[in-house]
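For reference, the structure discussed in these notes is given below.
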Amino acid sequence: MSSDWETLQNRSFLESNARARAIGLADPGTFTELAGPRCRLSSPHLPLLGEAVEFDDGIVTGVGRHGSRPLFIASQEGRFVGGSVGEVHGAKLVNIVRMAHQAYDRMLAETPELPEERRPAVVISFETGGVRLHEANAGLLAHAELMDQFQDCKGKVPVIGIIGGRVGCFGGMGFVAAATDAIIMSPFGRLGLTGPEVIEEEMGKDEFDASDRALVYRVTGGKHKYIMGDCNLLVEDTIAAFRQGLGKVLAMSYAEIDRLRRIGSLDKVKAQLRTLAALVEIAPRDSRDVWTFAGNPAAETLVDMKLDDFLRTVKRLENAS
Amino acid sequence: MENLIGQGRLAIDMIVDPDSFREGVVGTLQLTDEEFGPGAVVGTASLDGAICTIIANDAMTINQKFPVVYAGIIGLEEGYKMALAVYHSIEADRDRAPGEKRALVLIVDTPGNGAGKLEEMAGMNKATGAYQMALAEARKAGHPIVAIVVGRAISGGFLCHGLQADHVLSLSAAFNTMIHVMPLTSIARITRLDIEWLQELAKSNPVFAAGPDFFYRLGGVEELVDSIPAMRDRVIAHIAEVRALKAAGREDQLGPWGRGTLGEVRGGRTVRGRVMQTMNEEFAKVADRYLK
Amino acid sequence: MSKKQWESRKADYQARMNAAAPYIHAGKVVAAADTTRVLEAVIRPFDRVNIEGNNQKQADFLAESLIKCDLEQVHDLHMVQSAVPLPVHLDMFEVGIAKKLDFAYGGPMGARVAEAIKHGKLELGAIHTYLELFARYFIDLTPRVSLVCAYEGDASGNLYTGFNTEDTPAIAEATKFRQGIVIAQVNKLVDKVSRVDIPGDWVDIVIESPKPFFLEPLFTRDPANITDTQVLMAMMAIKGIYGEYGVKRLNHGIGFNTAAIELLLPTYGEELGLKGKICTEFALNPHPTMIPAIESGWVESIHSFGGELGMQKYCEARGDVFFLGPDGTMRSNRAFSQTAGHYACDMFIGGTLQIDRFGNSSTATASRVAGFGGAPNMGCDAKGRRHPTEAWLKCGAEFTSQSEYLGNMPRGKRLVVQMVETFGEKMVPTFVDELDAWKLAQNANLALPPVMIYADDLTHILTEEGIAFLHKCGSLEERMAAIRGIAGFTEVGLAAKPAETRTLRDKGIIRTPDDLGIDRMRANRSLLAAKNISELVEWSGGLYDPPARFRNW
Amino acid sequence: MAKKLRELTFELKAESPSALPTDFLHYGVVGSGDMEVIMEHQELAGAVRIIVRTPVAGFDEVWRRVLERFVNQTGMADARIEINDNNATPVVVTLRLHQALAEIAEGGARHV
């Protein structure tokens, strides 16, 4: 088993499926899937609309270990209905987060002096466009439940978001991801709220051409989010790199992890408002204007720069750390 | 009066004690810039004699700095502005006993979040997320939060402004209230299914259909209110109910989680519980391996 | 009896140019704003007019200006042009500026061509291949006025067409030397062009267009969209055909199947020890998916029909492989590259939409006149070829029915390979009893069904089920059985008799992946030398600059 | 138009049967043009029961032929196979079924 795990590590995160990512993010051989394909908990709603189903409803949930921590893992499968959140999918995601803070409570009850490095952690690999249209209402309500569960994790369990799949992380899941403590992306990851097509519809093709993927990535891609401070770590496209990123975050104290968050307190909201005011001031036509503003005079070179060079040279916005 | 769509400010007046609403003021927060997030109306009022925070939409404004933010859309400034109001409510009552925290009343009439290039560049997801996180924190700190849909509660807009409340009320469909992710016509277009067939299907399965009735059956709305004048009383009553449940330590019956349970009771979301139970049972078998 | 006038063309040319003279300044320059007026001055009703454009670069500004002409002055033109891929090309027929069309490639406008014919708006001359159409420019379809495009032009009319030279020399030569008029839109008016691709003497008018000409990245295939099935078929192609025949000089079609082959050369091809033995010379556009093979030292030389958006710098930096001018930039040339593809390549391999039970194939559907482009010139046996190569001789030696015409005289044969999955997207079968081309011929009033590659030219069909070596068959019946044997679960395939297929396998006429010793389990994307556009950029050392719509970072 | 996910059931028997070498196996992702499969041991007197859930109508006979060939090629017996399909072509179906079996041989190493 561990030799399989080794081969997974060097694999492209982008190319891998949700299950491979989940297995590879945990310590070797420690991943146990919960409500996996064997349970055949596929969507009861999709068949009514004539749509294909998947035994795991497009999300792999389970538990593994990260060093001394129990690691509660959710990994969305972008290839199944765009990783969208339906009733089953949503319930699995909500419950894995809930299980993590309940596990914390149990561990704390058993070991009142529970050291920080033994606390459970949650890692979610987001690859989703948000709500699944075919069961939209149930999907929507699950989003609200997730935000609620995140709040229950606060002060107890670190929640880490990972974005490196083809679909990116959009729609309601965009703000769910924003509400995690730390976000790790690869340059191929995308994070946003509104998908490019809808923006084009709202603003017109001249203002935003959804087929211009370079533009889409400049606005929502990993490098931009890193400069903005909207993702904390930018890593190469391998499962190992994401796992190392995860390790970096989980090596921090809870207080340090808490500081990684972009939102979630009055001070953080105030800081965001300051950044926003500055952006309004420079009225960027393109993200490159933001990069220049952040202190990168040769902004146009950043896009094609190799990741290590990028990380070495890039200047981030002031709030970004 | 037929409905309250686009009339968030009027709805505030109809719900709170007469002439008690002070806009822009929440605890130590004093907002004076009229151009700052004009689509979000925040302030303090008294409701049945008790102080409360009001957060509402104003659909009659346009945010001059953000061309895609109009008609009640929650943009970047609006989202953060709403979050400020929540945090200042928490701050103001920090030293009060849990049972005495002020209520937050969310008056909902929004078609969604700002969908623009600058929005995505700056991170619209953070602004709407920030507000929801603030609400969740306030709710868990003991503030009763009651939302009432008076007009539109569309998709991400409803998640942002409404679904983090302890209880969600809605004027019934008779008042043209709209609660949905996407209208059925759009779903029909995208799924290439006949609208008649979808309407028929929706009768037995509320998970994709549009309208407050379906959300009621899914447990997404606690109560449908069938008259505009009754809104005030029902909000007051729900605040009291929420307070009582909190005092009794029954938070599990409130907020998104409570609505999850309600969805099962009302028969609208029956799989959710089974999925969670399966996971819990499977984990119980291996938990010692991970938690010890 | 009046004296025969031998210079009427020259006089006509002079009259037209005189009409245009008021707009021409500083040598041969016309302002963009005067373009339509100039076209009205030099074009007469019923003229044969060429608007340059193929599947890549487009003289789009001149096309947009032509359609604005006064219908009283300009109407019923006979358009002779390689391709009609822009909406404006068809609008021209809708409004009456143009009436008749001789062309080679319909592309995205295929459906509108069929419609326009049906409604009597468009009178179709014929659908050609590129070379065939170029040939007719010099016989009976010589343009009176040609509207071409270039990167740079100067006041004397010199043009720099560089990387995207494509059709321009053929059009300009045919037009100019029959006293026709050549008008060029250029991206930039310059004092001195980077290199003279078209001499100034051949060009009458130069116009700086308000924006650069449209360029379609038609040959860019994102490796991210290559499927495991395509990887399997690419393995079969490399081992079962390329390796088997030692195919060194070839042309690849445009689809994902051949992109998969290109990306498997440095991995699977290397593993089979085929480097240096296959794929050394190409007539091919600068496919981005060729980068890993080029970088790994597989490729000696590539001559290109046209350029490919984003590949310019890469090609310039790989001067040992691509054809560069003294200025250091690449030059493509469709006429020469098509000729090379026809005479100097040992193999053509590409995809198609439909293959009938006899082996005829077509990309036409009942309602789309897709046209032919260049594939038939490469997807046929070059009857005029005389020089031998190993692959050509081997294929000829295997060609069973050759002796029925030649007796004991040996002759080579080009490998013409159709590489298709038995079902396309949404379970549309590739193998059919009768091509939709028959219905199209009826619907669009064509003299004969448009066939891309005729069965008598086809030597191999490769599907996921196996390779059929059709040229080895002794009869039509045997060929049909071979086709059934690799047509999988389509209606055509279900008619196969297992015993018959077994016999064909024993005779080596059908070879399955098992027969070829290919492990299906290895057929997955991890074999691709690059799995996405970003990895192609990496292979190129940052020289490849992919178009915006192909970026995923 | 009402459309529903279709469920097809096939009961097949290999010409030279041998038992499925595992109790349970899951393989694949239901992407567009793709499928997933569960194979598990079940006493069926040497037969294989295959359930296919597919949005596509009109190819029941093709499914039967594809599955028959797979069962005969592999000699699979006493197994229950469940397939969730989303427009997979016969070649993809065949490829995934064989890859799934190879997964057993390799002890679950792939996760492609």
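Think of it as A, B, C and D in the order they're written, each chain with its own count starting at 1.
Going forward, a residue touches a chain if its C-beta (ideal position, glycine included) is under 8 Å from a C-beta of that chain, and two chains touch if they have at least 3 such contacts.
This is a predicted model, so every value here is computed, not measured.
Chemist: Higher C-beta contact count, A-D or C-D?
Modeler: Between C-D and A-D, contacts are more numerous in A-D.
Chemist: Which one of the chains is farthest from chain B, going by Cα centres?
Modeler: C
Chemist: Would you mind checking which chain's mean C-alpha position lies nearest the centre of all protein C-alpha atoms?
Modeler: Closest to the centre of all protein C-alpha atoms: chain A.
Chemist: For chain A versus chain D, what separation do you get between their C-alpha means, in angstrom?
Modeler: Distance between chain centres, rounded to whole Å: 33 Å.
Chemist: Taking each chain's centre as its mean C-alpha position, how far apart are chain C and chain D in Å?
Modeler: The answer is 41 Å.
Chemist: On a C-alpha centroid basis, what's the spacing between chain B and chain C, in Å?
Modeler: 58
Chemist: Could you tell me the distance, in whole angstrom, between the mean C-alpha positions of chain A and chain C?
Modeler: So the centre of chain A lies 44 Å away from the centre of chain C.
Chemist: At which residue positions does chain D touch at least two other chains?
Modeler: In chain D, 3, 87, 112 touch at least two other chains.
Chemist: Send over the residues of chain B in touch with two or more other chains.
Modeler: In chain B, the residues touching two or more other chains are 193.
Chemist: In chain C, what residues contact two or more other chains?
Modeler: Answer for chain C, listing residues that touch two or more other chains: 525-526.
Chemist: Under the definition above, what is the set of chain A residues touching chain C in their complex?
Modeler: 11-12, 14-15, 166, 187-188, 211-215, 217, 221-223, 303-304
Chemist: Taking the complex as given, what residues does chain A use to touch chain D?
Modeler: 1, 3-4, 7-8, 16-20, 23, 36-38, 40, 42, 46-55, 77, 79-80
Chemist: Residues of chain C touching chain D in their complex?
Modeler: Residues in contact with chain D: 227-229, 232, 421-423, 425-427, 464-465, 488-489, 494, 520-521, 523-526.
Chemist: Please name which positions on chain D make contact with chain C in the complex.
Modeler: Residue positions touching the partner: 33, 56, 59, 62, 65-66, 87, 89-92, 95, 98-99, 102, 112.
Chemist: For chain D, which residues count as touching chain A in their complex?
Modeler: 3-5, 24, 26, 29-32, 34, 36, 38, 53-55, 82, 84-87, 107-109, 111-112
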